[in-house]
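What follows are several structures.
Each of the next two complexes has subunit A plus one other chain: subunit B in the first, subunit C in the second.
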Partner chain A sequence: MDILLSFQGLLPFFFIIGISPLLVGLINKQKALLTGRIGAPVWQPYYDLLRLSRKETIYATTASFISRLAPVVSFAAILISSLMLPIGYVRPLLSFNGDIIVFAYLLGLARFFQILGAMDIGSSFEGMGAAREATFAVFAEPIYFFTLGSLAFITGYTSIYDIYHSIHLDNPTSIVFIIVSSISAFFLMVTECSRMPIDDPTTHLELTMIHEVMILDNSGIDLFLYQYSSYIKLMVYAVYEASFFNPFSMQNHWLGFSVFLIVLVLLSTLVAWVETMIARFKMKSIPQYLLFATAIGILNLLIYTFVRH
Partner chain B sequence: MMFAGMAIALFVRPLQRALLLGVGTLVVGVSLNLLFSVSRILSLPAIQPVFALHASWEIYFRADGLGLYFLLVITTVAIPTAISTHSYLQHYLHKQSATRAFLATFSILLLSTQLLVLADHAIAFLIFWELMTLTAYLGMLLEREKTEVQKGSFIYFTATHAATFSLYIFFFILYQHTGSWNFSDFHFTVENGLPFYAACFFGFIGFGIKAGFMPFHFWLPWAHPIAPTVLSAFFSGILIKTGIYGLFRMIEFCSPLPDWMGIMILGISLFSAIFGVWYALAQHDIKKLLAYHSIENIGIIGIGIGLGILGISYSIQSLMWLGFGGALFHTFNHAIFKSLLFLGSGIIYHNFHTREIDHMGGIVHRAPVFVALFLIGSIAISGIPPLNGFMSEFLIFKGFFESASILGHYFPLFMLLMTVGLAFVGGLALACFTKINSIMFLGSERHGSHTFAVSIADYCALGMLAMLCIFLGVYPQSLLGIISSVITFNRWGIHVQPYSMFAQWDVMTLVFGSVLVTITLLILWKTINKWQRVSPAWGCGYPHQVPRMQYTASSYADEINNIASTLLHREKIVTPPTTIFPAVSRFRSHAEDFSDEQFVKPMYAYILKKITSVEFLSRTDIRFYILFMLIVVLMYGGIAIVWTYF
Partner chain C sequence: MISLTVQNHQPFAIKNIPILTLQEFEGSVREGMLTHARMIGLFGLEKTQTETTVIAVLSNPSTSSLHLVGTVFTAINNRYNSFAGVHQQTHYFECELAENHHIIPEGHPWLRPVRKQTVVLDKQPYSMYRMEGEEVHEVAVGPIHAGVIEPGHFRFQCHGELVYHLEINLGYQHRGIEQLLLNTSAAQQNILCESITGDTTVGHTMAHALAVEAISRTTVSLRTQTLRSIAEELERIAMHLAGLGGIANDVGYAIGAASYGRLRTLVINSSALLCGSRFGRGFIVPGGLRFDATTEAIELLQKNLSLVQKDVSTINSVMFDASSVLARLDHTGTVSGEWAKSIGMVGPAARASGIELDTRSQFPYGAYRYSPLPLITLSTGDVFARARIRSLEIDESIRFIFEQFENLPSGSIFNELQPRAKESGVISMVEGWRGEIAHCVFTDSQGSWKRYKIKDPSFHNWYGLALALRSEAISDFPLCNKSFDLSYSGHDL
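Right after this comes the complex of A and B.
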């Protein structure tokens, strides 16, 4: 029974690492369709990963052991953090009191090493990306704690699984929370996964990018690890967002799972649509954008405080 | 042992042997104390804690949980620091007497700090406090010919004496109230009215200055950069922790504190944490930066204390445990990783002869092991798992959630703001430590090629501290057990609260273990893979890459600092390139501490004005002085006569 439970707990993990390239492929395909191109097939990210894992890894002459370590650490941290996310009704393998804090800080570990890895070469392009990443991360962490943290304060649980499972549809305030939280969670996803209004994942013009410029000097396995971890990260945040619509799985598991899948697809459409319609923001206005998302998070708790009194 | 260390430092010749012997004696002495504290803590309730050095003296020592815990902190940090002193003083062998004096004062400093946390008598406490402050001051004067050393040590001297002054008042109030100098007899409650608040106020000022809460932190960024590095490590690791120790004692004496005091301390601490780390981000002097980080970490410890006070005033056991437990754990952690970082910065200073981060670079190619050790300290201080800094912050985070769910009312909103504040501090610390690690260590060297020598003693010292960081991060249960018994056997009336109640520590060990295992597996996979090549970095088509083109500390932190430029009083002096053939262009940035400008300087100016207003009394003629003395004597006599007869 115990083994069966832990196997069940691994299901969300395998789902996340298996489906994550598909989600990116889906976004790219829809973006192509929206801009009137045919675009690459949705399986393209899988081919990319396969290609990268077979390629030769080249290190710069100025690179040290940090360059060799950084992709590994950041991949491992993101991989383990994805073990904490529930999908539908399934309890993830690693679920304990306070895992929302560990989750956030594991992503911090990934970021720490990614920044160091970028700075290792001593190239000023990567310095630029690393400095931006550090700056926006400072504002992204409060958003995380304002959304999931405020839900933790409201529900009284500190485990991601418990928080999602305490959202009930029969409670009218829950619906308000779902709407408000999913807006700020979307902002968070866009920021953390370097999507469009913040960062442009498709251009290779160094001055305008954050994530892409940080991995400029990586190749082969290192690039494979970075790319795959960025796919997983996008998937993790998408699951984080889609799980707000979890209450459906309370009534019926299969209904819940289909709602979950539909929300994921809708989310990819939304990302593709936003990326087609909106140009990237000026670097200077990004902190304002992030503070706006923070303000939405505060709204959550204000609603709660007023509803209770 | 400490006295022997001092004697050896002063009298054994030649100096080289004196160093070896002196440091050896210190290490042995401190290790014995470490064993003492650990064995006592493990058998805590069974032992009669009060003892006197000599039966006829009325000065008592008490080995209770709190004292023993701080003794543990002190001795754990003192061992590597003392080991590192040996190689540090090698650079000052040409200054015979100064080196001897430093080692001697360092021995006394170690001794007095250890006695301080065991003292059970207010006078003894003050004596050791003063001894500690003064020997630290004397130790700072190792390079006394430099003006900045004179200035910085003087600021330290005045600040800590302001602290001692308010501590005198604090203890006098307590004595007045209880009629005893013994810690065991001190007890104060809110019903005592004004004296209670006065005691709390002066206690907080006194211990707060020592600990470095904002806005009393002004001495730290002055004193740390100029102190010899082993002493800076000692300052940050231990000396400011005595302020925290004092705060804990104050909470013990004045119990229960009202809840608004807890909230106030929470506010002050969060303020210290945020601004400490933000100022740190703007610095490019490595030791000044680390000094500001001490303020940040003291803020985090203070947040824990604030939560504990809330727990006391609402008598919630779990909150007391999480708050005080988190504070005590973070005290230990900060002592470890901050002394690791300071000792590391001393080694860097002696190799580069500068503290300017922007002049360094590329150290990783010369001393990868040293960089790895420093990196471990950096990850730990940024509060990132799987190292120990995260574990204590985790307890504090749990405290926020716990207090919100139990206290209800407006607390969820307040605690959410605290949570977000602490997360913000974490983000800034991450930015700051990626900054110093990448600018100092990575890339290529900015100013010619340096040799980078690290002695074996230094590697030992740093290695010990780094191992502790990893051990306490992956297996925090070891220390949490000790903390649990320390808190339980104190006067706060906490009954046994097993630490296992608050989190599934084993699962967390599993999480971090699995991170480490994944990392190892991936590294193995990468080493098996033979397809590797080294080639020059891509320069965007520009072939002449020079080290000066690398990002600097200022440019890295520029975007974050721009957001708070006005708050930080940061000024940039820019001389842009003008013509087609630009001559000289410059950029300098500098951050001024608000407390220096708006709090300390006006206060000093005010005091100076008041003092100079009685300047007319100072005359060159000795007869005036005799006249003044006569007048004072007559005044006292008159008052005495009036007092006795009416």
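Right after this comes the complex of A and C.
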């Protein structure tokens, strides 16, 4: 019985690591279609990963062991964080009281090692990217904690699985919470995954990059790990967002799963639309934008205080 | 001011250029610049064992006149008092003269190499500026870039994200075009001029053709002049569209980048209808044109252009109304009109800072003499102004082309060139899409080229880019760079 449960708990994990390149492919495809191009096939990220895994890995002469360690640690941290997210009614493999904090800091650990790795290489570009990443992370963290944290406060649970499952469709305030949380979760997703309007993943201009510039000097299997972990990270945040719609699976598993998939696809469309139609922000105004998202997260708490009385 | 005063494309005998003593020369140039003339050339005309004759060319847009004045330097007397302390626009010309002829400007504020990075100009090799202090850092970009672009080295002195100083080192593409032009056949000269900078093919061949025609006193038909101007405007439209697409791309506005890119293809394909080359290669030759425009080509071209006109106005209204785009363009990379004037900026970049400078209306040539184009200026001098002026110029250029097609004169497209005048010179100025192009051409006693001096608009404007970055965020550099859209090869020659 335990083995069966563990296996069930692994299903979301396999789903996340298997589908994540497809999500990126889907975004790129829709972006191409929106700008009137045919675009690369949706499977392109898989081919890219395959290509990278076969390439030779080269290290800068100034790099120390940290450069070798950083991609592995950051990939591992993101893999573990993806073990903590539920899809539908299945309790994920790693689920315990207080895992919302572990989840946040696993992603933080991944970022920390990526920053270390970037600074270790010794190029001024990478150092600049690392400084930017660290600065914006400071502003992104409150978004997560005010969104999921206020839900934890409201529901009284501190496990991601329990929080999601305490949201019920028959409670009108829950629906408000879903809407508010999914807005701030979207802001969080584009920030954490270095997408527009925070960071432009397609630019070739080192001076404007945030995430991409940190991995400029990585190649081969290291680049594979970084790319794959960025795909998984995007998927993790997409699942984090889509899981707000989990209550549907209370009634019917297949309905719940269909709603979940539809939300994922809609999310990818939204990301593609934003990346096509909106110009990137000036770097100095990004903190304002992130504080705005934090304010939306706080809104949950306000609504809760008003509704309770 | 003591000088030889000529008009654009007016040939003159070299002996009419007053060769003054050093003191008179300095006084004359200073006087010219105080009466709002701009320097467009400072170069050695003749070099013997002991002496170098140096010519200064000034242009005065308000009187549409060009002024030439010369002096002689010897190996011992190779120093003069720099003008650059007061008139910053001469700074780069003085550096160029020092680099090529070892004629040293005394008291020059910033004597640095132009194209040859290892050359020793005055006493010691040049070293770049460097800021010292806590948390100050230096970012070096290039000469090898992440994109497929030309080589150039940029060095930023930063404090955090803020740029205090940008220094631009160029010269990696120096091919010695000016020398190559002296010893080749006429056909090869035309090809060389086409490749001075690949994106201003029509502009540079136009300047070359007009110079050769002026010095050999050959007139071309009205039809030739009109078709040349049409090709020039097509190039302007295409490159302005490319520039707008680049700006949209650099702010991450994908829909703008895609739309402008698509329209540019349509315009360069229209150029191919005229001459078989999308970049206008092989169209203009001294003496006329190599291809005549057929009726079908004109019809198709008009159809293409009306489509471009319609779509450009749509995408312009979308892009210049999008608040996210405007937030990036407004107040970014500002070059004030005062700065732009003092460093002698040219072209759309100068007009975006409110400088009234357009060769087409101030030194009219070819078809622009009969159907003038309005001189458009904006005042803010930021990236927005440099983008907006492009879109306004596109509208005017399309209107101009339609107007020309309405009554296209008939006539032959090629006239045989007459023999060149001996010991003569001509200054040929043309408004390329990037700004004022000047070819200063001189012949020797046999009528072959003695000196061929080229000035691309990039020569002035790279300094403008460096100024635009002062107190700007380093992450906005690519955007500012694209808004100027300068040529490396045009500068390096």
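Simple rule for what comes next: the second predicted complex is superposed on the first by the 309 of 309 C-alpha atoms of A that agree within 3 Å, B and C clash if a C-alpha of one lies under 4 Å from a C-alpha of the other, contacts with A are read in each partner's own complex, and residues count from 1 in each chain.
Keep this in mind: a contact is a pair of C-beta atoms (placed from the backbone, for glycine too) under 8 Å apart; a residue touches a chain by one contact, two chains touch by 3 or more.
If you're wondering where the values come from, they're calculated on a predicted model, not measured in any experiment.
> Contacts for A:Arg111 in the overlay, against subunit B (first) and subunit C (second): which applies, first, second, both or neither?
First partner only.
> Regarding the shared-chain residue A:Met128, is it in contact with subunit B (first), subunit C (second), both, or neither?
Once the two structures are laid over each other on A, A:Met128 reaches both partners.
> Given the touch rule stated above, what does A:Ile221 touch, subunit B (first), subunit C (second), both, or neither?
In the superposed model, A:Ile221 contacts subunit B only, not subunit C.
> Output check: A:Ala279 vs subunit B and subunit C. Expected answer is one of first, second, both, neither. What do you get?
Second partner only, subunit C.
> Going by the contact rule set out at the top, does A:Phe292 touch subunit B (first), subunit C (second), both, or neither?
Neither subunit B nor subunit C is touched by A:Phe292.
> After lining up the shared chain so the two structures overlap, which partner does A:Phe14 touch, if you call subunit B first and subunit C second: first, second, both or neither?
A:Phe14 contacts neither subunit B nor subunit C.
> Using the touch criterion from the header, give the chain among subunit B and subunit C with more contacted residues in subunit A.
B
> Looking at A:Trp43, would you say it contacts subunit B, subunit C, both, or neither? Reply first, second, both or neither.
Neither: A:Trp43 stays clear of subunit B and subunit C.
> Looking at A:Leu34 after the superposition, I want to know if it touches subunit B, subunit C, both of them or none. Which is it: first, second, both, neither?
Only subunit C is touched by A:Leu34; subunit B is not.
> Show me the subunit A residues, by the header's touch rule, that subunit B contacts in one structure and subunit C contacts in the other.
124-125, 127-128, 131-132, 206, 283
> So in the complex, the part of subunit A that touches subunit B is made up of which residues?
Going through subunit A, the ones touching subunit B are 55-66, 68-69, 72-73, 75-77, 79-80, 83, 94, 96-98, 101-102, 104-106, 108-109, 111-112, 115-116, 119-125, 127-128, 130-132, 134-135, 137-142, 144-146, 149-150, 152-154, 156, 158, 206, 216-217, 220-221, 225, 283, 287, 294, 298, 301-302, 304-305.
> Give the list of subunit B residues in touch with subunit A in this complex.
Going by the criterion above, the answer is residues 361-362, 364-365, 368, 371-372, 375, 379, 382-386, 390, 394, 397-398, 401, 404-405, 410, 412-413, 415-416, 419-420, 423-424, 426-428, 430-431, 433-435, 437-439, 442-444, 502-504, 507-508, 510-511, 514-515, 518-519, 522-523, 525-526, 529, 531-540, 545, 547, 549-551, 555-560, 563.
> Flag every residue of subunit A that touches subunit C in the complex, lowest number first.
Interface residues on subunit A, with respect to subunit C: 31, 34-37, 124-125, 127-128, 131-132, 196-197, 200, 202-208, 275-285.
> Going by the contact rule set out above, which residues of subunit C touch subunit A in the complex?
Interface residues on the subunit C side: 137-141, 146-147, 160-161, 248, 250-255, 257-259, 262, 322, 324-325, 327-328, 332, 473-479.
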